[in-house]
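Working notes, structure below.
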Amino acid sequence: MATLGFIDYEQATPEVRAIYDDIMATRQTDWINNFWKALAHDPATLRRTWQSVKAIMAPGALDALTKEMMYLAVSASNQCGYCIASHTAAARKAGMTDAMFAELMAVVGMANESNRLASGYQVEIDERFKTP
Amino acid sequence: MATLGFIDYEQATPEVRAIYDDIMATRQTDWINNFWKALAHDPATLRRTWQSVKAIMAPGALDALTKEMMYLAVSASNQCGYCIASHTAAARKAGMTDAMFAELMAVVGMANESNRLASGYQVEIDERFKTP
Amino acid sequence: MATLGFIDYEQATPEVRAIYDDIMATRQTDWINNFWKALAHDPATLRRTWQSVKAIMAPGALDALTKEMMYLAVSASNQCGYCIASHTAAARKAGMTDAMFAELMAVVGMANESNRLASGYQVEIDERFKTP
Amino acid sequence: MATLGFIDYEQATPEVRAIYDDIMATRQTDWINNFWKALAHDPATLRRTWQSVKAIMAPGALDALTKEMMYLAVSASNQCGYCIASHTAAARKAGMTDAMFAELMAVVGMANESNRLASGYQVEIDERFKTP
Amino acid sequence: MATLGFIDYEQATPEVRAIYDDIMATRQTDWINNFWKALAHDPATLRRTWQSVKAIMAPGALDALTKEMMYLAVSASNQCGYCIASHTAAARKAGMTDAMFAELMAVVGMANESNRLASGYQVEIDERFKTP
Amino acid sequence: MATLGFIDYEQATPEVRAIYDDIMATRQTDWINNFWKALAHDPATLRRTWQSVKAIMAPGALDALTKEMMYLAVSASNQCGYCIASHTAAARKAGMTDAMFAELMAVVGMANESNRLASGYQVEIDERFKTP
């Protein structure tokens, strides 16, 4: 079990329940995943993290699916097991097909390869790439 | 200068020139950036890397702009200076606006934060997130 | 089981036993955790690693608890499962409360977020931050 | 210059100025460093990031100096040039001496070494380290 | 099970079978490990990845054992659980002894430590190390 | 300049000079690179780091060149600018040719790519890869 354990809805304080309710309403789901139940031991972090996630992942200049796939791309690059599992599910729910997943992973793999080639060969930034 | 230096078009062998030509034709541009000129000392790696990038970044289940932004998201997460500069330019050329860039970076930042919270709290993967 | 397996106290050579004894005496405990039992196949690495850990983690300009929490902060940032588990235990033994753990994790998460924002936005170092 | 450039106080909108004012008041300083001036192109990210930093770095179960040093430890572990420079300055301002810095860095180095030894040797987590 | 599941030899299309056959022939083995069976859902990525691995890992200026050990060194540094397990097996098959493994891990640990010390102390690159 | 500045041979205490002398004698060179001059502000870390590097990098089951190339492979994977520059120089001095460097970098790139594919696809470790 997580370091501080999980706080289920039934055990939660009204403050935590209100956040759980908002998570479920925003995501149109009827359950809370472990990440939030682990953070609930620190209500300040729970609230701040949720509010940030809610604001950042809402559609804006980028649509929700693109944002979910970017989140998954970063999580896969960082090799965070929990995050890969949860954001694969989230991206699928937002519309990611198997073909999109496969292309996403190919980009993540390629970027990780070329990042090391660029750094390992000590390539200087081209003048044209520098911001004015 | 890069570890092995750069190979400009004029100095390049016909084998390398053919790859440079394909890069410029595919990208509809008239110059070669330093990354490729550094790899050109190893024509096998130059060819394989270019062919992989060309295949992976072509539109498919994901459009070209989404792929470029994912590449940038991974590069920013990995903190590769050269790659951030070059793929910011590439993503802009593909249509990324300042607003899209800002939202992309917010997602990258948030994913990096929550990746560590999930791992640091030792959160177990929910049964529902496990693939059948 | 670990790549080379574990070497228990009973099976250990006198050289390895002496190190195990020093670990237990220094930490005021009566058991050896898996990390050391895995390294024991390479007595030179076992000794060097233990002596470095012993010297570095001893109270100095920073107290032992602060050092243990820093060790945990880095391990959480690196997402090393074994290290998070073992150093959470070590930090708690040194006095880390749940509230301290939660604040530590919030700092780790925030630092990982802002590290990517700074790199992703290609922010130059302020003149005032440069060392003279 | 940063990807989107910097927004100085004089050029800033009232919304951004109010955040700049809060940063300076909270930190008891009379200038804004580049990180915030780069984020200011996205006022939502500027506000959210500043409010999170302000809340997380305030003294609580951990004092302000310990938090600043943890921030620096993570930034050094992540090798973020901008963040190392800015948080070295911030930690010094909060009271970090050269001796404390040196011990901090020794812990960061050691943690990064042992993280890889634990993972590379495929060490299983001890039963005693698992949370109940 | 992996995100998209595994494709066994019996279920595979002729295209995928041909790649599986080449993997087994090249590696002189009679089975396919999970990595390839997971990628097989995306035949383009399966083929490209295998062809790259086959070309890169073939003996050249560096012998096959040295390459396998480098692959393991990077995987251990990146803390990729699957990759550490599979490339430990591959390196052993190529001739890595326990003593070589232990020295390899010591180098990986030390490099990760000194990488952070160099960055954390903000050490400038010596003029003599700069390429002409 | 580095965070705490550099300590040149002329300014060094006898304790530090003795370590500098050992570095130069071991490496058969007549100068000290910036890394050591930055660490010299903390003689305990300077000594411990040097003694560890000296012991780890000495020929054993692996020869000196292979170790230097592994050090470079990890540094390139970690994208540590200082370490890439200094260990490229060290590996060349130990005999690394341009062709060996190019193959090394190809392995580093490929390992970084496949590490993310394995993690991103959530590939389980094969039974045969598990240590008994």
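Labels A, B, C, D, E and F are assigned to the chains in the order they are written; within every chain, residues are numbered from 1.
We take it that contacts are C-beta pairs under 8 Å (C-beta built on N, C-alpha and C of every residue); 3 or more make two chains touch, one makes a residue touch a chain.
All figures in this text were calculated on a predicted structure; none of them were measured in a lab.
> Could you run down the chains that neighbour chain B and chain C together?
Chains in contact with chain B as well as chain C: A, D, E, F.
> Compute the centre of every chain as the mean of its C-alpha atoms, then state which one is farthest from the centre of chain C.
So the farthest one, by centre of C-alpha atoms, is B.
> Which chain has its C-alpha centroid farthest away from the centroid of chain D?
Centroid comparison gives E as the farthest chain from chain D.
> Among the chain pairs A-E, B-E or B-C, which one reproduces the interface of D-F, with more than half of its contact pairs identical by residue number?
A-E
> Just curious, how far off is chain D from chain C if you go by their C-alpha centres, in Å?
20
> Mind checking the centre-to-centre distance between chain B and chain F? Centres are C-alpha means, answer in whole Å.
27
> Specify, in ascending order, the residues of chain C that touch 2 or more different other chains.
Touching at least two other chains: 1-4, 44-45, 49, 52, 77-81, 85, 88, 99, 102-103, 105-106, 108-110, 112-115, 117, 119-122, 131.
> If you connect every pair of chains that touch, what shape comes out? Choose line, ring, star, complete or other.
Per interface graph, the chains form a complete graph.
> For the complex, which residues does chain B have touching chain E?
1-5, 44, 48, 52, 55, 131-132
> With touch defined as at the start, can you tell me which chain D residues reach chain E in the complex?
For chain D paired with chain E, touching residues are 76-77, 79, 81, 84-85, 88, 105, 108-110, 112-117, 119-122.
> Which of the residues in chain D come into contact with chain C in the complex?
1-4, 31, 33-35, 38-39, 45, 49, 52-53, 56-57, 60-62, 66-67, 69-71, 73-75, 77-78, 80-83, 85-89, 97, 99-100, 102-104, 106-108, 110-115, 117-126, 128-130
> Using the touch definition up top, name the residues of chain C that touch chain E in the complex.
Where chain C meets chain E, its residues are 3-4, 41-42, 44-45, 49, 78-80, 131.
> Spell out the part of chain B that touches chain D in their complex, as residue ranges.
Residues 79, 88, 98-99, 101-103, 105-106, 109, 122 of chain B touch chain D in their complex.
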